[in-house]
Every structure is written in structure tokens, then in C-alpha cells.
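Taking it in order: structure first as C-alpha cells, then the write-up.
Think of it as A, B, C and D in the order they're written, each chain with its own count starting at 1.
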Amino acid sequence: MANSKFEYVRNFEQPDNLLPNTWIVVRIDGRGFTKFANKYVFEKPNDRRALDLMNAAARAVMSELPEITIAYGISDEYSFVFHKSCILFERRSSKLITTIVSTFTAYYIHLWSTYFPDTPLSPPLPSFDGRAVCYPSVQNLRDYMSWRQVDCHINNLYNTTFWALIQQGGMGNLEAEELLKGTYAADKNEILFSKFSINYNNEPEIYKKGSVVFRDYELVEPGTHNAAAEADNLAEPVQQSKNQTENDKKRRAKARIVIEHLDIIKDEFWDRRPWLLSNKPGKVPKET
Amino acid sequence: MANSKFEYVRNFEQPDNLLPNTWIVVRIDGRGFTKFANKYVFEKPNDRRALDLMNAAARAVMSELPEITIAYGISDEYSFVFHKSCILFERRSSKLITTIVSTFTAYYIHLWSTYFPDTPLSPPLPSFDGRAVCYPSVQNLRDYMSWRQVDCHINNLYNTTFWALIQQGGMGNLEAEELLKGTYAADKNEILFSKFSINYNNEPEIYKKGSVVFRDYELVEPGTHNAAAEADNLAEPVQQSKNQTENDKKRRAKARIVIEHLDIIKDEFWDRRPWLLSNKPGKVPKET
Amino acid sequence: MANSKFEYVRNFEQPDNLLPNTWIVVRIDGRGFTKFANKYVFEKPNDRRALDLMNAAARAVMSELPEITIAYGISDEYSFVFHKSCILFERRSSKLITTIVSTFTAYYIHLWSTYFPDTPLSPPLPSFDGRAVCYPSVQNLRDYMSWRQVDCHINNLYNTTFWALIQQGGMGNLEAEELLKGTYAADKNEILFSKFSINYNNEPEIYKKGSVVFRDYELVEPGTHNAAAEADNLAEPVQQSKNQTENDKKRRAKARIVIEHLDIIKDEFWDRRPWLLSNKPGKVPKET
Amino acid sequence: MANSKFEYVRNFEQPDNLLPNTWIVVRIDGRGFTKFANKYVFEKPNDRRALDLMNAAARAVMSELPEITIAYGISDEYSFVFHKSCILFERRSSKLITTIVSTFTAYYIHLWSTYFPDTPLSPPLPSFDGRAVCYPSVQNLRDYMSWRQVDCHINNLYNTTFWALIQQGGMGNLEAEELLKGTYAADKNEILFSKFSINYNNEPEIYKKGSVVFRDYELVEPGTHNAAAEADNLAEPVQQSKNQTENDKKRRAKARIVIEHLDIIKDEFWDRRPWLLSNKPGKVPKET
């Protein structure tokens, strides 16, 4: 039995391949996580278990999709970066975003009981949405990453102060909100310090900086590589020998996927890890 | 601290709103499910537990997203249909597909142990990808649904014969494949009947017809409604009173979401369930 | 000499095929025509020569592109409609819009001296931009056409009154603008009649109704055809015999392309000309 | 009279803004120019009048759209390049391509009689279609330009040989085609030289290299600027003072738009004209 009579409906599928030679960022966000966080009584301003679960799911995504070069997460969002030369799924947007969202969700649900052993999940279950954005130059990509990290800082400073006012200062939500309206960073630091003896600088790095996930190789000396210029000069996916491709694959598989809480705005982070922009695996560090 | 310096990166986000007044079909597919089915030793040609799990996840998706009017599933794929007047998420494609894929995945993982109580999941976890397609007319939409159901039939007849040859006929995979090459439906029916005394017509409906998921209201008499013409005549989302909207919402919430294994190619299915095309909830059947 | 080294740049071309089975409207607009109209001293509120030139160019476009079924023009804009089953240029948006804009521009420049024999064109030359929009249902298409004709009416009533106040009433631009602010149609009719003895109903149809361009066949009796429902039911381009296609082509070629100034909002226009929605050429009227 | 009832049709217009921070190339092509060239008896293999007309139209386009930084034309096609920082028409693809196609067509028709004084145009008139492509990096853009110039060379060498065989060698079209099948550049050079005493290197540059159109400033010493790296580093449109913008505008307006026939594949062309990649006007040469 042929299926030809109805098969014309395939012609309505429209291509959605992303522009070649651009960095692809897939950002996913928790859906309705304010409500979800209340349901499972997440700690305020940050719930360490919830962040660790997000990070564990992100690490699993990176492990299943070696084409992802770096990921960055704050709160209930995560950004995954594909190198500009990536041709996974022919760069089809829907395929890229659904694969990431689905894999992330799968691990989030699967690992939930590891991080919240005493509170089993019940419907409605947590879920995530996502979108893809293309960035043409290294500067654009780095500005995107900086944007998210600055957001992390702004939100965390606000939330830390807000919840200190409530939890330790005995204020109501509206009162705290009112007090913080129009304040600058310096004001919030001052409130934290003078009222609650909290030195914001001493807050945990994971809350202040968010989480960076990447394959770890030996750091290089700053100034010895110019991965950014190299990446910008790149015109199309590099043709390399099968040998080289296999070699890269092995090195990538050997590399540990680490979760760090570092400054990704300054040059240093990128200068010392040229593999993030060059897409060439570095030297796998010796295990100790 | 203002975030203005980096915020320009938002300008790279490109809109992906789907054309108004068209039916939106989001089809999701299991990623690498052949391998996955082998890992968990799915029964061949159909694993009832696996299908029930797919259906349970689909029902949960429909329950969390009342804007979905009908869904249809076969094997490791599921199609979800939004009415042409739907304005959920401003019809943004990425938002629609990731929300469905994520919700589906969440329930698939969460409910796994219900359907496979003895085989816990382990990485790599099952995941799904998805895409959205727009269909302008009722005929296009129905042809899409028919296309999937014909595919279900073709595949199931083939698989039933293929696995009978192997499991009962003692053939190897290649041998069975060779034997079936170029055969018609009648040939396969004949093989099943003459060699294995299997009357294909008596196979379970869920395997032959796939699964249709929808909100159940009282069936209407054929010929009393013309929901298809009405839907095609529709020019834009209907403006209705708040009262009416609330009323619809309640009726929708009251309706049971059923999973059936019916012929959705013939007119009857659609004629007797005008709410599927009209998007107006029907009469909630009395509980018995 | 092979060109392979650079040819990869073709991969950056992105498809832009418009959704099948939808009506395609290409609307073009004069660029900077206020300034252009001043340069060539167009008569106010309407310059008959300029409108006739627009219409002549539109007719030429329709004559070169038989796939266009109807066009509608007001002031310095023109809308061209392709039937929902049209597959010209594989429905590539850029190809469709540039072909129409270029052909229209060519005739506008070429025919200029016919309509403005005493004022030769000089740089900067008149030019047009354009865009394509898809409409899924007949109702959407007709609402688009109605939208343009209502706009024609609103603008013409305003402009007729505005310029009467200036040309016959001796007012300045700002004064006239001020006077008309917030007025309704009835008010403007009243001003025209009481101050300038102008009965707006007696104004030329071309100014009040705009210009409709289409292939002319014998009118049918209302109620004998249902081209709208037929068009909405259409699922994909009709497969017809070569003979039939040739036949249609001949009849289309024989049909006169007429420019009329009719009401296209009411049903009658469409009911009596079923070929506009069905895309099946009607009966060519006998020449007299 | 309000137009609200129909105005909803505007919601069907879909945005088509091109990705920011990428080079935009709009390439236009003559429609059916083989037939057109026959109708007006263009000389073979190259008609100098036709090329001069193309170039004059391109120069007019650049003059009306100062945002175009460089254009390159061969035969009946022309490519226009907008700088990656260009925000003209909010980078809307349809607006950019139709404006260029329309302006080009207008001048082509208008100037026809200057270049073909003895053969007036008659319907069907010449027209052009066009498309836009985005290129993320300078290397991509230069590879695009090189691709077109290599094509120019390949085609011209072929055509020169082909028409020599016919016009001087007395061959028929098919015979000449057959003879050239599978030949390399060296073979064609040899045929030209040995059979017709034509040294291909001495052919006019306009035929061998095509035509480059750009604003002319004083050439710089190679190695003194690095416009390419600067352009790649660019993340978003440069914010400059009003003064500077005005200043740039004046310098651009003063610059002569020249038409040259140069090698644009080698670095030298770009190194000595940094304004093409930097978008900063150079020093206007003193008139002599």
C-alpha cells in the first residue's frame, strides 16, 4: 500500500537551518519555576540542591552532545554554545533546541531524587523551553556570555539583600521591595553589611558567578594563542583528515567535563582556554 | 549596575511566530529509539508497555496544554495539533516545540517505572526531538493525520510479518527482509495467514490504528454540524465574551482525555466530533 | 579552472519558499512619492495621469505574469494576488517580489512619457519597494482586499476635503489639518457639500474605489458557483491533464485584462467572477 | 470611518530582518536575458554597450543608496554589498532587495536610449530579480566576491573561445560546444592563440575582470591598516557623534563613484582601500 496520496503534506515542512559560520547559543529556561520553587520549598535566595541539579543535567547534556563547547547556567536557565563551525543536524534550529531541551529535561527528572531525596516529584512536572540565537563574531558571543553573567550578579545581589531583609530583617515582601527600589549596587552592599554583617564578596562563588561547564584541558600561557582572531577568520568548517577527526574525538572523550564558577567576562578565562573558541581540543591534563 | 553594555545581544534574537490562521502540528520523535529499544529489550514487533508509556506521556501533555485539540501517536512518535485560531505563546515556533518536547520527556522519564517496573533507566536517557508544521486548510490537516495513520498501517503490517518470519519462522533478519522486498499488503496478509495462521484483521487495534488522544464529549449525529467548513471560513481568532471563555475553559477541564484506536482517515471520526475542528467544547457526557 | 574553492559561499543562501496552499499578496509602494509628486507637480488630491500610469504598469505586470489573478491599486501602491495553488518560482518570496517590483518599475519608467509627455523624468528616478504576505483562507484574502479599499475611501474623502479647503477655501495646510482633526466621514461630506457644493458621491469612481485589474470573462449568475468554498477546500495544486492546462492557458491569453473601479468588499464582485477564486478561466466574452 | 474590522490582516505580515552584524549581499540577475539579448542583437561574446548600461545603472543605485559600500557586476548580474554594521530599513530583506532591484531597473530603462540610441525598447521590457545573502566574516564576503570574479573569468574565457570558433572559425553552435566539452583553461587559451591569433591576456579588462564599483578615496600603503580584523572584531554598529556622522556623510558625498576592472581576489585591492571593509570614508583625492 503506497502512501503517496497523503504524502504531499511533507511539502509544508519549512527548512530552518541556521546561518552557517555563526555561533549558536541555545538558551533554555524553566517554565513557571517561581511556582515550582514554591511547591518544593526551594531555599531563598538560592537553593544549592536545585542549582546542583541544574548543573548535573547540563553536564549530562554536554556529555551526550560533544558538539557543545561551553555552557553557562544561572538560576533556572542554561545557555549551551555550539562552535560556529558546528554542522550537527545540519544546523536545523528545531532539531538543535528540542534535542537539548529534551535531554536536559530527561536528566533533570531522572536526577531529581538524587538532589531532593525526600521530596518526590508529582504532576505538574518541571519542564523547560528554549530558543536558538546566532552570533556572528567572537565578540558577540563573549558579550552574550557577559550579559548572562552580569545578569547573574545583578539578580543575586538583589535577591541576597531582598531575602536578608525578609528572613533576618523581619520585613514583608512589599516592604523589602519598596526599600530596594532605585538602589544601586553600593547601596545594597551597604545594607547587607551594616544591617546583617554580610560581606557580599564572601558569598559563595556559585551564587555570584553562576556555573560554567566545559571540557577541561591544560591551561595555556596567556598571549601564546590567538583563538579569537582565528575563529573570526574562519570561513567555513575546517576540512581535516579522518585521522585528525578521530584524534580530536578521543581527546574530547578523555577530557573531564568540569563545572566552575569563574569570571567569564574578563579576557583571562578565554585566553587560557583557547580550545573554547578554536574548537581544537587541548592537552588532556594528567590525572593525579 | 546596569546591564546595558551587553544587552544589545538581544537584538540577534529573531522572531519565529508561525503564520496566523493555520493549523499547527508539532511532531516529536524518539531519538535513537532503535538502540534504546534494544537496550531495554522492547518486545517485537510492538511493545505494549512502551506504547502505553508514550500514550500516558501524551495524555499528560494534553492535560498541561489545553490548547492542544488532538494528538496522534504511533511507535516512538507523537503529533500534537493546535487549532488554527490558537495564539498560545504568540505562536512562537521554538516556544511551542520545546514546551511540548520538554513536557513529554518529563512524563516519559517520570512514568517509566510505572510501565517498566523492573528495568530502571540508566544513561544515556531517552529523549525526543520535534518540529512544527503549519497546515492552512482542514483538508491539509486531515491529510496529515491520514498520512500518519497510513504509515502506522504500512509499518505495522510489515513489522508483524517480518517478526513472525523471524520469531515463528526461524528466519534471520536479512532473510526475512529479502523475502518481503517488493511484496504488497495482500502478500503480507497471505504470508501471515498461510504460514502462521495469523489473521491480520484480528491484531490489536492499538497496533493497527495507532492512538488518538482527545477530550471526549458527547458524539453528535453526522450531518448536524459542519465544523470543517466553519473552520475553513474562520479568518481570525474568534472574539468571545469573558463569560463564554470561562465557560469553555470549565467544560474543557471537565472533559475526560481519552486514548482511542480509531480510524481517523474516514469522515465519520471528524463528523461525530465537531469540537476537534471547531474548537468549541462539546457536551460533557454524564458519568455513569 | 574549477570554481570549487569559493563556491561554498552558496551554502549561505537561505530558502524563503512561502507556505504552500496560501494566497500570496505582493504589495508594492512608491518610495518617497510625496517628494516625487511635488517634483512633478502632481495634481491634488488626485492626479489622473499618475493613476493611469500606475494602472498601465499594473496591467503590464499582469500580462507578463499570467499567474497573477487580480490586482488592486490606490495612490502609489498596488497589490498583486497569486492564487493559493500557484507554484511560480517554487513560491520563493524574494523571486516573486523582485520580479513584480522590477517589471512594474520598468513599465512605469517606460510609459512615463505617454502619461506625462511634457515633463521628462530626471534622477532621482521613481522606484518601488514591495513585500509578500500569505493569507490562508478566502476570508483572509477578501479581508485584505477590503482593508485596502476601505483605506482608499478613508484617504480619498480626507484628501478631497483637505484640498478643497486649501484650493477653494483658501486655507493653509495646518489650518485645514486642524479643522479636520477628529472629524467623521459625515462631517467631511457636510463640509464638502455646504462649503464647496461638492457631492462626494459624484466624485469619480477611480478616486473613490481605486482600481481593480483582472482578466475578464463572462459574469455568472450569483449563486451558481461556490468558488470560495471550493478554494478553501483545496488541499494542494490541482493535477490536471496537459490538455486542460494548455486549454486554460489559451483562454487566459485570450481574456482581456480590464481595469475597473468597483466595490470589491461586497460579495457580488466575487460571486459573479468565480474565476478569481477558483483559478479556472471563465468563458471569454464575445467581442462586439 | 474606522478601518479596524479588516486591519487584523496586518498580523499576517512576517518580519524578515536579516541577522545583525553580518555582511549583506544583494545579487540581482537579468530575467530571461538570453532571449532579451537576442531580441536587441547584443554583440557576442560581450556587448560593450550592454555592460556600460549595467554599470551606469549600478552607479546610480550606489549614488541613491550611500549605504552600499561596493558593487560587482558581470554579464547581466550585479552584486551590491552592505557593510555588516548597516541598519538601513532595519535590515528588512524584502525592503532591501526590492529597493535595489527597482532602482536598478528604473535606471536601466531610463538610460537605455543613451547606450542603445537606435533601438528603442518595446514590451516585454527587461527586468531583474534579486535575493539577499548574509555573510558573517570578512573572509566569507571576500570569498563571495572571489567566487563571482572567478565565474566571470571562467565564463568569459569559454565565451570568447566559443564565439571565436563560430564567428571566425565558421563552426555551428553544437559543433563549438562539442569541441569545448571537457577542455581546460590552457586548452582554450591555446585554441584562441593557435587558431585565431588571439592572446586572451590582451582581451579588455572589463570582459576578463568584470566591473567593480565603489567610492574612491586616496589609496593607503599596504600594511598600514587592518580593516579586515577590525571589521571582524566589530560587535555592533559603532556609536559615533552626530558630528562624526555628518562628517562621514559629507566625505562620502564628495567621493567619486568609480567603475574599475581590477583583481578583487588578491589582498592588494582590499588592503589599499581599507574604507571598503571599515566603512570609514577615506581621504577624498584632490581633483586635478
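Note that a residue touches a chain if its C-beta (ideal position, glycine included) is under 8 Å from a C-beta of that chain, and two chains touch if they have at least 3 such contacts.
Here the structure is a predicted model, which is why all the values come from computation and not from measurement.
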**OP:** Please decide if copies chain A and chain C contact each other with the same set of residue positions, more than half shared, or with different positions, and reply same or different.
**Re:** same
Subject >> Most distant chain from chain A by Cα centroid >> reply: C
Subject >> Pair in A-B, A-D or A-C that repeats B-C, with over half of contact pairs matching by residue number >> reply: A-D
Original post:
Between chain C and chain D, what's the gap in Å when you average each chain's C-alpha atoms?
Top reply: 32
Original post:
When the centre of a chain is set as the mean of its C-alpha atoms, what distance in Å lies between chain B and chain D?
Top reply: 50
Original post:
What parts of chain D, by residue number, touch at least two of the other chains?
Top reply: 8, 12, 14, 19-21, 134-135, 140, 143, 235-236
Original post:
Which residues of chain B touch chain D in the complex?
Top reply: 8, 11-12, 14-15, 17, 19-21, 235-236
Subject >> Residues of chain C that touch chain B when the two form their complex >> reply: 19-22, 84, 134-137, 139-140, 143, 229, 232-236
Original post:
In the complex of these two chains, what residues of chain B are touching chain A?
Top reply: 1, 3, 5-10, 12-14, 16, 28, 31, 60, 64, 93-95, 97-99, 101-110, 121, 123-135, 140, 143-144, 146-147, 150-151, 153-154, 157, 184-185
